[in-house]
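Two complexes follow with subunit A in common, the first pairing it with subunit B and the second with subunit C.
The block that comes next holds the complex of A and B.
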């Protein structure tokens, strides 16, 4: 059986809170979670945040309920783009991107949504859930994204907080489902606090409310998320086949090396 | 309606029991969680009212009218066993999932087990 994954636990500066949230996620039965770092380019020069290493958070990772294995913690970057210039940061050769396992993008306009679906090298495209969908989903970009193996993410934690947000969440996801027919959708929490998390089976059930079929809803918390993680891994490889790393390097050195020496140019895929 | 079928074999006797429409109910074992330093206490009537109001928030008057029963409620742990009709399961469950606050305090329903058989709730198959 596929394991459950929550690809969006919001990073907070409060380490204790983050730790507690991850513990609860493990308790609820998520085998893998991704800590989400959000970047908005509102004020011209916002710096990229370096992800906190997992060892800083935990001495020993919490055990997943019913699995007797420790939880796996990934790092994910979400870039909110409202201008085409900002997409330049999302090149695969960008040194910041390589620090993260998963890269997501939240496009604010229809044009950016189109570029995100068709050309940007990302794993996830977030769907706005806090306001009315600013543009209509059209079939060509959505089917283009599905063909490229990019997934659409719907965040549910806002729906638990406020009835207006709940309405937007449901209506935006229904309008997405009309176009993508339930394919390539992931459901994730976007939780900052432990009480905003829900169990994986609850979310699979909630998927029915968002217009997914029973099978698609379960895939949205398990197999689709796995596909996202694998899609993210292929970014560090050549055509998803070959992966190179220098010999005799500890993982820590490697990370430092990546920052100082960015990747050489990669063939266009 | 249960259908019994006896299969006799050299290696021993087997009995196959097939349940069709085994139960018209589903049972949910749930618990309500608050933040650690809360002073909120609920009795069973308030608990049921909370579920009804969450149904009403999500599905309106039709949702509030869905029949369900609280079979068991423990005040200390705020855990309960609900009985709902099969056709209402998705609605009740999603209403529980989307409940986020009670008296402007954050809370969350944790659904521990869902089963069409009440007996299944006495043990936990996941640990």
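The block that comes next holds the complex of A and C.
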């Protein structure tokens, strides 16, 4: 059976709220969630936020409903790009990117959408759901993205809150579905509060309103998300086959190292 | 139960409120009305007409937050998608409704609910603080059987 994944839980400075949200996600039956850190380059020197290690949040992770395993928590970075210069930060060699498991991009213009689909090294391209789609989707970039294994993300939490947002979410996603035919789509919550989350089967049903078929809608909350996570892993490894680490450092040492030093410091040395 | 013709579907749902005060105003009739209003908002007159044919709130347990809805089989997906859009009930009480099971008869829903409530008890087990609490919980898990009424089985959960 496929496991359910929610790739977008908004990071908040309130740790208790985040902890509660992750607990509810485990209760609803999500096996993996990703905590989303959003960066907008409005002022030029916006600093990258370091992801909070999971150990800070939980002593023991909550157990997933219907399974005996604890929930898996990933870190995800979303960069809102409105200028081509900002894409430089998204190179794979950038030290900031290496801290995150998944990298997503929210392009604001058609030209940036094209570069995001064709050249940028990202896992997810977000679709705006809070306003009318500023540009039309065209077939070449979308099919290019599908070929490269990049997924499009639709966020549903805005749709539950407000009726205008609901219209934008549904019409934007329908216009995407017309081009991508239900392939390479992930549905995720974008929840800040625990009660903005919905169960995975509810979302699969909601996918029908977004123009997905029944099978595609279920894949959008399970297998497609797994593909995104694996795509993110290929960035850290050589095509997902070879993984390098320092010579006299076994896996056990590495884990100990992770506990004693924060991840960011270790990477620089 | 009056026969409405056609095959029904039963949606077993779980309601969660942001604050415990939210439960004060929840009763079957009010819930029935507010869900119909939500369908009107999401799917318009057509949606209400489709769902209203045999729509009913069959069971409501405010202790465990369990709700059982009946709907025509042909249109239950309309109702289901509306439930996901509900974020408020009554007077500005934030809530979320998640569907945990879809069944063809009340009996299958009852079977599922007993299993589900037993699972919730088991999930509470690691958080027990004293030994007495632990044995009481284990006893409660053992007493969950199909012969018992759903109400009694689910009320144990709230203890």
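Here is the rule we use: the second predicted complex is superposed on the first by the 246 of 269 C-alpha atoms of A that agree within 3 Å, B and C clash if a C-alpha of one lies under 4 Å from a C-alpha of the other, contacts with A are read in each partner's own complex, and residues count from 1 in each chain.
The criterion applied here is as follows: a contact is a pair of C-beta atoms (placed from the backbone, for glycine too) under 8 Å apart; a residue touches a chain by one contact, two chains touch by 3 or more.
The structure presented is a predicted model; accordingly, all values stated were derived computationally and were not measured.
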Fit or clash - subunit C, subunit B, common subunit A: clash
Per the contact definition in the header, classify A:63: touching subunit B only (first), subunit C only (second), both, or neither. second
Looking at the overlay, does A:244 come into contact with subunit B only (first), subunit C only (second), both, or neither? neither
Which of subunit B and subunit C A:163 touches, first, second, both or neither: both
Per the contact definition in the header, classify A:13: touching subunit B only (first), subunit C only (second), both, or neither. neither
Which residues form the common part of the subunit A surface touched by subunit B and by subunit C? 28, 65-66, 159-161, 163, 166, 193, 195-199, 201-203, 205-206, 208-209
Write out the stretch or stretches of subunit A touching subunit B in their complex. 28-29, 65-66, 159-161, 163, 166, 193, 195-199, 201-203, 205-206, 208-209
Considering the complex alone, what residue numbers of subunit B touch subunit A? 33-35, 57-58, 90, 93-94, 96-101, 106-108, 110-111, 114, 126-127
Subunit A to subunit C touching residues, read off their complex: 24, 28, 63, 65-66, 156, 159-161, 163, 166, 193, 195-199, 201-203, 205-206, 208-209
Considering the complex alone, what residue numbers of subunit C touch subunit A? 16-18, 41-42, 77, 80-81, 83-87, 94-96, 98-100, 119, 123, 126
